[in-house]
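You will see two complexes here that share chain A, one where it goes with chain B and one where it goes with chain C.
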Partner chain A sequence: MDEVLPEEFDVILIGTGLPESVLSGALSRIGKNVLHVDSNEYYGGSWASFNIKTFDKLMSETQMHQEDNSNPVNLEALISEDEEFLLMSASQQNLSNCQSYCYLSKQPDWVVATNVVEPNVVAEPDEVEISDDKDSPVDVATTAPTMVQKHSDTEDLSCRDVDFEERNNSDNDNEKPGVSDKQSGDPAKEKSTDNDSRNGQVDAFNNATSEEKLENASDQSSQADLPHKETPLFPFYEKFYENWRRFNLDLSPKVMFSRGQLVELLIQSNVCRYLEFRNVTRTLTVLSGENRLQPVPCSRADVFKSKFVTVVEKRILMRFLTLCANFEQHPQEYEAYKDRPFQDFLQSKHLSTKVQHFIIHSIAMVSEQTSTMEGLHATQKFLKSLGRYGSSHAFLCPMYGVGELPQAFSRLSAVFGGTFCLRRRVIGIVADKTSRAVKGVIDSTGQKIKCQHLVLDESHLPDICRSGFKREVSRAIYVTDKSVSPSETEEVSLITLPPVGNFPLYRVIEAGPLCCLSPNNYYVVHALTKPSCVDENAIVDLKETFHSAEKTMFAGTAAELEIANNNESDKQKPAVLWAAYFNMMSCGVNNDSLPGNVYVMSSPGFELGFDKAMNEARRTFEIICPDEEFLPRAPEPEEIVFDDEGYKSENNGNSRENPNEQPEAGNGDYMETEEDLQEEEEPDVQGLIDQEQGVGDHVSDGNGDNA
Partner chain B sequence: MNPNNDTEPYDYLFKIVLIGDAGVGKTCIVQRFKSGVWVESQASTIGVDFCMKSCEVNGKKIKLQVWDTAGQERFRTITQSYYRSANGVVCAFDLTRQSTFLNVEKWMNDVSKFCEENVSKLLIGNKCDLTEERAVSREECAKVGSYYSVVDYIETSAKDNTNIEASFIKLATVLLEKHSSSNLQQEPNTVFGLGSRTKPVKSTCC
Partner chain C sequence: MWNYRKKCFANSEKPKSEIEAMLNSELTFIESCLRNNPKSYGCWHQRCFVLLKLKTPDWKRELQLCNLFLQFDDRNFHCWDYRRFVCSHSNHPLKDEIDYTNKLIESNFSNYSSWHYRSKLLPEVYPDSSVGNKIAERKLLEELELVQNAFFTDPNDQSAWFYHKWLLGRGHPMQSILSLHVSRFPSTLTCTLRKPIKEEDCQQALVRVNGTVISGKWKPHSSACYMNTWTFTPHEKIGTGLISVSCQVDGVETQITMEIDDNEALCCAKNTIETFCESSSDAKLLVLEEELNSCRELNELEPDNKWVVLTLVFLMKAIDPIRFFSEMKELLKSLCIIDSKRSCYYQDLHSKYAVENWIICADLQSRKADLRNKGITRLCHVEFLVGLTHLDLSHNKLKALGSTFLVFPWLQELKADDNEITEIDGLKALPSLITLSLNSNGTILELR
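Here is the complex of A and B:
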């Protein structure tokens, strides 16, 4: 691993998070000589996705994560008199308050151990807490003796349980006769067949549990003798961890606006060929005073179909969204409200409280206090994305998690000659004493590597360039046994839980096997909120922080529900089988102490999309290479001709439009023609449409205005 | 090279990823397979992502999408997503350098970690033309191959064009058998790429 790197590069990038990776790809693409290093053994930094075992470890090891056992470097020999050395921060982890819990019981002895593989983890039943509070000096070794295995540096964090044999069981359960030879790596097909089996299993499961309850009532004592009849409510711990590798849990869950910068860049640069996506299929929220998730009607088809808004509301909502989609053309409509809160503007348009809620929280995704202009822009951004990939969807999420994105851009960088080196720590920066410009870096093997420009992710900033830490996002991840709002087909949901009482606003993303985020029969729920606590050093009980969201979405933890077995708890709601909580930190940059040719990429924040990261990468690229194109299209393989002298790029693709780009639905759902509208309508709402004919007229009028 | 290669109809499309230590001749193998060319110097592989090549096996048109490591094997920093949705893996080593053979274990571990369980693996000992410098015996290699349940162990020379095409045909044949015996339904059209037609491969049944 200590192979010597080349001595000089145009640009060195430290950290393989999304903005760094995008930048790395863009720089390599135009021929810059790039070195991209990461001290971690995985790609993605704060943007990575992990399997569930690795996640457990991450939660328990955030402090010891970066132990440095390399030989001390003799700096004096490397730094000349006219150079100064800026030491990199020793602690590079930007997670705090980390905890993870598994609420499942260990398998009792009486269960016939057919087909069951013992995972190489040992755990206490019911609740295993793995905690490592950066904020509190807790001895991790004593609080969490279980599940924690010290990993060696050579092991791969993304998958370090090599000796954990998993392939000889339950994965095969999923392979039904007839599809057992299914093409490997074809998640969609797998899903389509598994979907049926999953539903079947769920039914069987429900039946079993009700049978069990009868059994419980009639004959408690015989249970131990009749193990085959005792079907527990939840899978055992061992069963749950059997498919540990099939979880892809994001450190920074986000969704892509279909017309956001990331999507445009992926298409433009051809990086999309490394990735696959799913639509976010529904938007849910909770109306004030209620405790139930409801679908938010977003597209025109949704609005027509929605049972939650009246005919009058539909009409007004339609008209309003059409206005928002084209608001620049109608300044008279909002002129008076420009600097007033968005909510006032909504009220002036006679939108009902319910519809206002939908628009503020789920469509514009702003707050009541947001200015009208900002609210209009946010609404328009949403509406523009609506319908690009699927008529009523505005968001995409990458298969296998957000962690795939930095990897895809890293691949682009490597394809165009970028040198990648993981598990390589840079211990400090060498700068010129007089000019203050960075001349290079020194890594933990004692190698000095020169560069013209240096790009760092925030967590790699030298201490003296930092100005304090703050909590950026509080996060919770849950693995549940069913969707928060079960439906016939598996959905990918974006959920907004507006602030209630003392509890903050939560944004929630729920996805499951469809996106390859979890094995079959499990769902992954990502919840985010802005930390409310002002004092950065206070110990925050994140479980408390997320209490309100949990109450709304879940029936309880598996451990709680096992105890309350006979209680008729809310059967509709899912149980939490596993949960993790943490804060993601960010630090301020002290620009005075930062050399001019050093660029700092910020950590992922609370924002839902990727525009911030994309802007950062683009801006930095424009500073480093002012006259170059940012991520021009990469050539297709057949455009590269090679002869006896090697490969030659036929053209670099700048001139040619991607011929196969998917047809796009104009400027969003609310810009379509009346014909499209008619096609979208469902037969079963025909009566409604007849009533609503005026709405259709209005929409086409709106289009006419702008034509 | 057929410029229309990409638009030809095909029955199956398989993604094959190439792995193995730096310098074992992976890029030469791809080049030889793709165009029959042998290139001594490998300084300029910039911009090469994967190659497409059509072949016919048992009367079926097979398209192989062969992915190269883009140099990320040098510091063992291949992205996990490189392995995603691969149907086949070709693990290559250099018959004249024992270290590259010993590292087959590491590569196979990566495969078991990151690929689907039923991925088809092929082990290739390259540079078999250099008989004088040979550092590992055929028996040893075959043994390691069967330990990792590869579909075959084949000795190749990209330079002499020995067994290169045969290796890929072998893998394609195995993949074809696997997939033609299964009763695949057309998948629901809910996974998609963003506009490029070269998204990761799905085999379709005709």
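Here is the complex of A and C:
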């Protein structure tokens, strides 16, 4: 990636998060000369999605300082006298307190049937912790999975297609005996893998400090007596990581309002042809005083179906929702409550406590104290989105994770000639001393690149332009063995857990194989909350932060449940097999110190949808190109005449695209419904091929990487 | 075009296996046609034709095809029809079909087709053991709850209300003889049945005098094909003395005894509330009462929703038409205002309930009917009134004495003062009429 870039661009964008990528696509689309760089080796920045191994690695690495092994740059030679140099922040850290845990036991001896090791280690439920707080000398989680990776890499290439076919037939390949056959086909390699991981495990055990682990240790002896447990409750560690590539874990999980700006933009710009979507199929919440997730009746069909509200409540709820849908036309209804809390207004409409809860937390998604006007607008926004795709669904989520979105817009940018460069760090900004306008940037190879406008994501701000640095969102990701509320068909759920006692409000998104976020039989649960702690320096125990949410949704961790094997109590709830916790950081922008032609894109934040990011991108675009159209429809590949290298290559890449995925302009039929997928195998296969490329993109040259 | 194709198949002399293959390719072809126009009568009929021709039709696949088409348009009645055709020819369990309608109703209950299909399936899957009811009570109560959810969710949606009306409605009334009249001079026997029957059925009827079957000729009361009232003229005159006459017709039988001195005798069946309503167990009554209360609540929330008010009326009628009569009257009156376009319907409904209630309480054997001041716009259930000699319909809102009045062979005195009658066509066929009073009415237009 050290090749020399052109000397000058219209716009340089640093960071490949969603707003930057949208902007990049929009600028390229109208013919601007765009350079888009990212110091990471993947697209998406804080918006990226990762497979589970990369995620483990990310969790363990992010606290370490990124080593700058590039040659020192001779700044004096590059900067003239009338220019000033603003140094970029060296540590572009937007994650903190990162930890990830796997609660699964290693595959015991009798399964692979090789050499004898001490049995007590074999049956021990393994809890691998990757955290810098613990000063562990050996990075356990990265050694063990890497071995698996080496082992499976070659195999993966050869059997990839087979795997996909298996999946199309909706086979449960986790249970396929074929996989273990393949393993035993290479005993020598396996032995070494086994040994290594086991050594790693011993280390992990030695390093264990927490009480929980000591408990495990005391339990060990009893387990050691039963080395041949007939049916283990949970898959083994190795089994779990076998499908590591099938996980797509978001840093910033979000869902799209079906009538939100992002959806409109995807249709309008035709970027949707790079993507596939799923409906969020249900909304769940927990009523105060209860410990059980309940479906929230949102649509007419939901209200009709719901068994949790009485018929009279149904009527009142429906009346209220009908009013909200076009409340502007009935000002007399809410005039008196304009400046009063939303809850008072709901009260005045004789809504029961339960229904008020549904509206405030799950439909409007506001708080009790939100003003009536704001609440009405939020409810209306929800209702407008309802039913656009599927009669009772208001949200869409992108398949393969939110990380696909910035990639799709980057791809558009690349198609229209944008230059992309990953793993290229910009060390500083060059500004004119008198006009304070940015003239260009200097990257880590010492190249000076000129530009008229500079777009940065928040984490790339020069230090002097920052004001404060705070935790913005606390996150937890869980991989579970079943849905938090199992049902006949696989669901994609949006869950709101309202604040209880000292615990904050959590927003939770659960999705699984349907959205290609996890392999079959696993579910990914994303939880978000606003950090309660005001003191930025205090060390927060994130496990503690999410304790209440975990108690509501899960039976416990796999390790805990394995010990309490015979406990029948919470069989309904899923077990946590893997979990990660981290904080997303955000910094304020000191606008005074920022040159005029520099635009800062904010971090994903706590917002559930994408409207904020889209507004930001649109506004910035309008400043840079005041009279141009924002993301007009991009032509289909077959509409393009073969006269340009860039187009031609793109066209080849797209030739496999299924015509069924093409949108019909405006009506949003682009979305693939579940049924379509079941009927036609083509799109699914295509989707997976796309995904395959997508995964490759994280590490190698991107599909849209022209540099 | 389709018929031409049908002929080709029917007259083809090719070997059977070849025809089979052709039929199969025809199915594929029809499917592609349907994809273009899923509401083509011709295509669906052709498909039925082909499937009946096939030796081993794949009914499962056809059901899946229906599922597919209904998924795109859940109100495509062509496809619903076809679905019924498929189900009737295959051994597909009807219970599964109910589950299927469940699914569709859950996703969108504004769907007449699926409610209707349900109303066809339920009586077959859950038949009622006792007579006269449509479906087993347990299921009925479940259905009532389901549909209640629907109309509370959206009271402006008609489909749910219609289904509800169907649920409250009764099954077909059992056949019964409402009245039997015998006269010596002229020698006739007149039988009025609850349900009209055809002439062929009537000719099967057996008339016995003192136990001996006698022959004669049955004549309908008017020229219609199906009639309630039939008159029997025996070949030999009915003798004098104390006689017992029995009449067995359409599976029901009744008996009448004539005293020595009487020239004629009339026997009317006893009527109760159950004559016009389905009988209700205590459990059902409880559910209906509950529903009545929640509907009252709904009415408070939605004061101007005609469906709510109308359903209140239906519920009251189902619970106790006599106790609730005045309230029903008021509700129907308010309906005439809320839904003025249908005011005549509501008035007729009121008339019907008024007459029913009178019939339940009246002594028909006296052959005199006092229906003054009932506010009726229409005289219904005349089959119950056939035997009348005196009928007073004064101070009502009748507009016409039309053909319904053709049924009173013995009516001597008819009073209809203070009505809005402009048409009296029905009067020309009242053979026994002596006194007619039509004071304070509209201008009589014509007497044809």
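What we mean here is this: the second predicted complex is superposed on the first by the 525 of 707 C-alpha atoms of A that agree within 3 Å, B and C clash if a C-alpha of one lies under 4 Å from a C-alpha of the other, contacts with A are read in each partner's own complex, and residues count from 1 in each chain.
One rule holds in what follows: a residue touches a chain if its C-beta (ideal position, glycine included) is under 8 Å from a C-beta of that chain, and two chains touch if they have at least 3 such contacts.
The structure presented is a predicted model; accordingly, all values stated were derived computationally and were not measured.
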- Classify the contacts of A:V311 with the two partner chains as first (chain B alone), second (chain C alone), both, or neither. second
- Task: Specify the partner with more touching residues on chain A, choosing between chain B and chain C.
- Result: B
- Message: Taking the superposition on A as described, I'd like to know which of chain B and chain C A:R300 touches: first, second, both or neither.
- Response: second
- Task: Check the residue A:E3 against both partner chains and state whether it touches chain B (first), chain C (second), both, or neither.
- Result: first
- Message: So in the superposed three-chain picture, is A:I267 touching just chain B, just chain C, both, or none of them (first/second/both/neither)?
- Response: first
- Message: If we overlay the two complexes on their shared chain A, which of chain B and chain C does A:Y400 touch? Say first, second, both or neither.
- Response: first
- Note on the structure: Contacts of chain A common to chain B and chain C in the A-superposed view none
- Message: Which stretch or stretches of chain B touch chain A in the complex?
- Response: 1, 3, 5-6, 15, 31, 35, 37, 39, 41-52, 70-72, 74-77, 79-82, 84-87, 109, 112-120, 178-179, 181-185, 187-188, 190-200, 202-203
- Residue set of chain C touching chain A in the complex reads 71, 106-109, 148-150, 152-155, 294, 297-298, 301-302
- Given the complex, residues on chain A that touch chain C span 300-301, 303-305, 311-312, 314-316, 318-319, 391-392, 675
- Residues of chain A touching chain B in their complex? 1, 3, 42-43, 156, 158-159, 162, 167, 171, 178-189, 191-193, 245, 263, 266-267, 270, 272-279, 389, 396, 399-400, 404, 407-408, 410-411, 414-417, 419-422, 424, 514, 634-638, 640-649, 658, 660-662
